[in-house]
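Each chain gets a letter, A, B, C, D and E, in the order it is written, and its residues are counted from 1.
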Amino acid sequence: MSGNPYQNDRGNKDASITSTSGRSTMEPGLKHSGEVKPVIGDSPFLVGDTMTGGYGKGPDILHECTIAVNPGEIAVIVGPNGAGKSTAMKAVFGMLNVRSGKVLLDGEDITNLSPQDRVVKGMGFVPQTSNIFTSLTVEENLEMGAFIRTDDISNTMEQIYHLFPILKDKRNQAAGELSGGQRQQVAVGRALMTQPKVLMLDEPTAGVSPIVMDELFDRIIEVARTGIPILMVEQNARQALEIADKGYVLVQGRNAYTGTGKELLADPEVRKSFLGG
Amino acid sequence: MIVVEDVHKHFGGFHAVDGATLEIAKGSITGLIGPNGAGKTTLFNVIAGVLPPTSGRVKMDGEDITGLPPHTLFHKGLLRTFQIAHEFSSMTCRENLMMVPGGQSGETLWNTWFGRKRIADEERALRAKADEVMEFLTIEHISDLKAGQISGGQKKLLELGRTMMVDAKIVFLDEVGAGVNRTLLYTIADAIKRLNEERGYTFVVIEHDMEFIGRLCDPVICMAEGKVLAQGTLDEIKANEQVIEAYLGTGLKNKDKLEAGA
Amino acid sequence: GGHAKEVKLGILFGFTGPIESLAPSMGAGAELAMAEVTKSGMLLDTATVTPMRADTGCIDNGLSTANAEKMLADGVSGIIGGDCSGVTGAILQNVAIPNGMVMISPSATSPGLSTMEDNGLFFRTAPSDAREGQVMAEVLTDRGVKSIALTYTNNDYGKGLADAIKTSFEAVGGEVTISAAHEDGKGDYSAEVGALASAGGDILVVAGYLDQGGLGIIQSSLDSGAFDKFGLPGGMIGDSLPANVGADLNGSFGQIAGSGGQGAEAYFAMAEEAGFDGSSPYSPESYDAAALVMLAMQAANSKDPADYGTKIMDVANAPGEKIYPGELGKALELLKAGTDIDYVGASAVELIGPGESAGSYREIEVTDGANKTVQFR
Amino acid sequence: MSETVKHSLMFAFVGVLIILDGTTSFGIFAGSWNSALGILNMGLVSAIMALGVNLQWGFAGLFNVGIMGFTALGGLAVVLVSSSPTPGAWSQGGIGIIMALILGALTVVAAVFITKNMTKGKPRVLALTALLIAGFFAYRAVFDPAVSGVEAINPALYGSLGGLGLPVLLAWPAGGLLAAGAAWLIGKTALGLRSDYLAIATLGIAEIIIAIMKNEDWLSRGVKNVVGLPRPMRKEIVLQEDPGFLDTAASLGLDPVVASTLYVKITYSLLFTVVLLALLWMAQMGLKSPWGRMMRAIRDNEVAAEAMGKNVTRRHLQIFVLGSAICGVAGAMMTTLDGQLTPGTYNPLRFTFLIWVMVVVGGSGNNFGAVLGGIFIWFFWIKVEPMGAGLINFVTYGLADDSALKLHLLDSTAHMRLFTMGLILLLVLRFSPRGLIPEK
Amino acid sequence: MDLLNALVALTNYVMIPAVAYGSQLALGALGVTMIYAVLRFSNFAHGDTMAFGTMVTILITWWLQSMGINLGPLPTALLALPFGILGCMALMLFTDRVVYRFYREQKAKPVIFVMVSLGVMFMMNGLVRFIIGPGDQRFSDGERFIVSARDFKAMTGLREGLAFKTSQGITIITAVVVVAALFWFLNRTRTGKSMRAYSDNEDLALLSGINPERVVMYTWMIVAGLATIAGVLYGLDKSFKPFTYFQLLLPIFAAAIVGGLGNPIGAIAGGFVIAFSEVSITYAWKKILRYLMPENLEPDGLVQLLSTDYKFAVSFVILLIVLLFKPTGLFKGKSV
């Protein structure tokens, strides 16, 4: 039971008065944006700097956690279940109040921005679960990705279809009817439609068959080649680290190991405790 | 003990379980592994009566139990835990445990008015039992906290504790290990083993921790894409090419490491 | 200075709830009578009459008894109300009778109320169903109507009246093809009109209220061409009906309690001047109810219910000089002088039996968009 | 200030309001014990209804929007149990009606039997259709003449079967039983639906119940109302003529009229208080025991409770039936208090939504909160009108007495009631969302 | 055997009224369903919202009439309608601001919103009566009929008349136009799609840069528009009375749920199901049968399945039956 009295529904699930489908499960982070400060000095393109924070009034889940990524790079976060990987992503995206630490993007301090405004600033995010609009068609999903754009989106859309050809065939089908791998492609496509300056992916390969996984990783590398920095969480740590330029191992909300993907893969300690041997 | 015959479970067009057939022997501790989304939890839910199967049968001791509601299965001795802890959040941990046993006389309204003496006696016994279970799980210090306020790992333990409040025949454990401290996890493994040996419980365990599986499980079943991919002893499974491809990871190197760890 | 005495009268109507649209005109009617009396300065040595309004909610027995209790506590000498039969019964049984308070309802017609042991405390100015049923049957036969479809508002008034019309009309050999209820306060009457039209009949008799379901039924029947002539009992007679329906209503006919146009017309004029619709249902009856109480007080020379209660029948019925709306001052003067009066009022009050109203009826026909009195019965 | 003290103070506050109403005529108060006790009595009845709704909503999360229907059934029970039988009704058609109802029930049972025992397919559909059509016509053939027989018996005064002529106090549990029966039927259907559609189902069935009570004259005289129902105590006018009573009144220095009316009201207050306390005790005992623990577990997490062997559907049904039965008892009590059954007066705003306001304002999930809310909101329901008039007079103080605006506003004072109820509800939901006395 | 007359009678007494009534219910149900889909709760204040919008329209109509402005054969109310909608929108946005928004920020459970809407219902109930009073108001003017029964008989020489009222015509046309516009809006425009997206998945909508507050604002505005249009059409066809509009809540809810809450197509279908069941199940078939049957077989009775007393009960029975067999309504209730 949450302490918030407004959230006590006494277990009611009467469909004739309330609907639960698609309700927000996010904790409200920042509701209203504060100011953006330019950053003095040199810093990576996107960095979550010594972030500490947790959900609502709950305990800290992140403890001085730092994550950074530069253009053209792929940064991968791995770690055990519940380590705070998703939480770190949310913190970077502003869906969680960081109690201390900052988030910097492209030379600006965006710690005080709401998630909507971060989208406008050029951050794209693909959540771990329910990351597509199931009742909208594939094309509409992509359009929604480009919601904040006012320019012509048809070019980008063509690029996406080029990247994920299967989606072009299914453009008028409801996204909810697609298979898991295809959904994942829609999700990534949706995020790319924003023409983000940085792309964040939370377990993009979860529940995806190995072939599709390879395919997805290929695409992700391709996207990264276009110069977009990519920050992702992966449970398929081995494959992910192989393509990663930078790897972070989180344990209980702290940076446990940091290094290039190759370094981490080679580190026996890391292999033993996190890569299954 | 449990026989699953060609069970399918579809969500809309998505085939979460796609023709699973398997058998769980009485007195065994069966491990169920497989990649995320393989349909393990869904299969659990079908067996435990939470979800009706799209097609197929489930039998327990020769009796067809397909589609029986969970509360009926509970009384037949089939218990389960949840991958995402399902605690009763506004109740204390002790109450979480005390509510489990069926057939409490205090659950009949009439007795709450006119049989208060009997209820009080029963409650005392239940309380003692709950405290014992919590002590076993090393969570006695949180017995009076609301279950909504305890940590994820503690919730998992509480979940396990509930299955220890009654005499079960078969217990399905869905990732008890996730989020649980390793040392404690191996204590739990010992407890499971003891329950299995001393009380004859049958266990089915979903777990991603191969070490845990290695300690406990004799037959191991690997699922992928809604089907049973392979079945056998742990060593057989580890040697199975398909399993390596779908679950354990590719490459011989990987396999070597695994064996070294076990 | 001149207000040596004050007489408080309670007005207890459903200002909220299902008949909230009728209650304001009813309240205004009762208050009109009180203002008239106060102005005349003739009641009990220049007493002022103060109205006290309270709500019954029409359907809320608890609320209305509570409000009635409050009125008693505030010292009213009589209650004009209630309106809907349910709350009227509740107030009567739980407040008026136990406390010996006189109560006059302008609208409750339920026969059940007549049989209650009311200790001679309960009166009503609304005409009795049984009598009106007979009159309606006469009017119908005289006009050569052989068969009617009948619809009534689903309350005790409508139901009782419909039963009475049916019994009387069938007794004189007429045919009632259907007797169907309609609910007030719901806007769509297609289903009812469909059924009524299917049953057929020379005309449609609408035992309802002219600004509630009754109007809806007539409008819907005319629109769909189901019926073009209507039988209109008292609840349907009022200027607003022809005004709202228009020329199509011409030729429809009905009856309303009242002797001579004098009473009702005078009242309508007074109401218009006071700024409310006097032809709204039960507004005339409300005026009469209040008037009767005050006249009886004068006749008994007391505002104590126990004294004036017995006088109500006397002032309402013959013999005596006939009193019409606007003549309350004169009536009080007459009473003071010891002369008998026969209050006719706006709705031709005639109390018979245990507090029921009967009397002559005015047969109305709608011609040129107005109710015209054809004859008296 | 401890919680208990705070909550006791709230009850004390409501008590003081009632006492003030009995003693002073300042402001909104009537200054009459008759008025105060009248409010208290209906307040007690409301509190019982709120208790029933709280059981369903507060403890099981069941959203019942059909309270009106259960209340009405309780009222019907009073007529069926305690009013005197109509002479000749049974021979005129009463038997026929019962036969017809049995026939109808048999048809339904047979239909269920066929559905259960024949395999799916055309023959079953045909058999079912044939059975239902034949059943319907047979039923109408027996029912219709019997009904017209009964309804023809002096329709102005009787026209119904009447009742059994038993003591009226028996009608209270009977009202509970009747409501429980209906609730069981609704629960069986609605709680068995895959998605839960209880709210609309209860709303619909309540409307159907009222429609039946309004239109089936043989049962309850329909809109013609049943007045003069018996009471559990002597009537005031009888008391006023009883020399013994008059002596007692005189010895207490009371006017006979006042003494008799107060006697009746106090007797009601005592009876209602006894019922309320008994129900409150039962509810509290249930909730503090393993039964209550189980209910809370179900409320917290149905899936887990089900996996722990608790039959969630059956428990929901049980609590739904219980809560509705309590509403039925309250309905019977209210009809007894009114002395009449008036089917036309059951209206959702007053008998469903207002009760909801009581529960939410009082504190859902807390029985004492529900009781407090019942009495408190009822007090306001009565007193908001004079408060509104006072307020408008105050606001328009500067305006001339005959200014159109002032007159218009004064004409609308009655509508202050709804407005204020809404305001109270919104304020409580905003600033004290758990209600005045929250769940512990 | 007189097929033509039977057909005309059926059209006149069942089809036309049911279609008109059904359209009005459908528009009302659309409003309920939109709120359910986007804001995820059932709005108990919808009947009173309709009353409020209609009231504003009426006041403006009166003013226009007093200025001598009218639309010739069409009712003046059509001219006032846009203002009524604006007024209703203003009230909705105000209510959202001072009442609902707080609960959104608290991430309150939908059922809390239901309770809140109950409070809003009470207040709006009072508000409307404060302003226009509880009485019956008529505000239709212009030509009453497109075809009146009398004209039809004269034209065709049939025994049965067929009446088609202007208000019915307007109702049907407006309903079609409004529904088409709504669907166009939801499926083709950016804002419409963002509403569907929000309804589908709130979190993801946020991540796509959709501003939830804007979606909510548009929803209230559309709902205000739908409610006012439904209310005005109903008032033109019948009459306006606050109490009646409160009572309309029940059939409107029944319609929305029968169709599948949250699904606009369902709301429309539900409106017609409820309207047709109210009108046709209690219809007395005597008249039709008399035209169709040979003379010696003409029915004596009314051939009525159920008396009209039970017409409201009928719609709820249908509702329950539908829910038993299709638990999510005729069209799977889901999203906009």
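Some points to look at:
As a working rule, contacts are C-beta pairs under 8 Å (C-beta built on N, C-alpha and C of every residue); 3 or more make two chains touch, one makes a residue touch a chain.
For clarity, every value in this text was computed on a predicted model and none was experimentally measured.
Taking the mean of C-alpha positions as each chain's centre, the chain lying farthest from the centre of chain A is C. Computed centre separation for the pair chain B/chain E is 51 angstrom, with centres defined by C-alpha atoms. Computed from the mean C-alpha positions, the centre of chain D lies at a distance of 31 Å from the centre of chain E.
Averaged C-alpha coordinates put the centre of chain A at 43 Å from the centre of chain E. Rounded to whole angstrom, the centroid-to-centroid distance between chain A and chain D, based on C-alpha atoms, equals 54 Å. Chain A has residues 1, 6, 8-10, 12, 14-17 in contact with two or more other chains. Looking at chain C, residues 15-18, 20, 24, 154, 181 sit in touch with two or more other chains. Among all residues of chain B, those that touch two or more other chains are 89-90.
Chain pairs that touch one another, listed by label: A-B, A-D, A-E, B-D, C-D, C-E, D-E. Of all the residues in chain E, the ones that touch chain C in their complex are 9, 12-14, 16-18, 21, 129, 133-136, 138, 144-145, 148-150, 152-153, 161-163, 165, 234, 238-239, 241, 243-244, 247-248, 278-279, 282-288, 302, 304, 307-309, 311-312.
Across the interface of their complex, chain A is touched by residues 57-63, 195-201, 298-302, 364-365, 433-434, 438 of chain D. Those residues of chain B that touch chain A in the complex are listed here as 12-14, 35-37, 89-90, 146, 148, 152, 178-179, 210, 225, 245-246, 248-249, 254, 257-258, 260-261. Every residue of chain A that touches chain D in the complex is listed here, in rising order: 1, 5-6, 8-17.
Touching chain C in their complex are the following residues of chain D: 25, 30-32, 34-35, 38-39, 42, 45, 155-157, 214-215, 221-228, 235-237, 257, 260-261, 264, 334, 337-340, 342, 344-347, 350, 378, 381-382, 385-386, 411, 414-415, 417-418.
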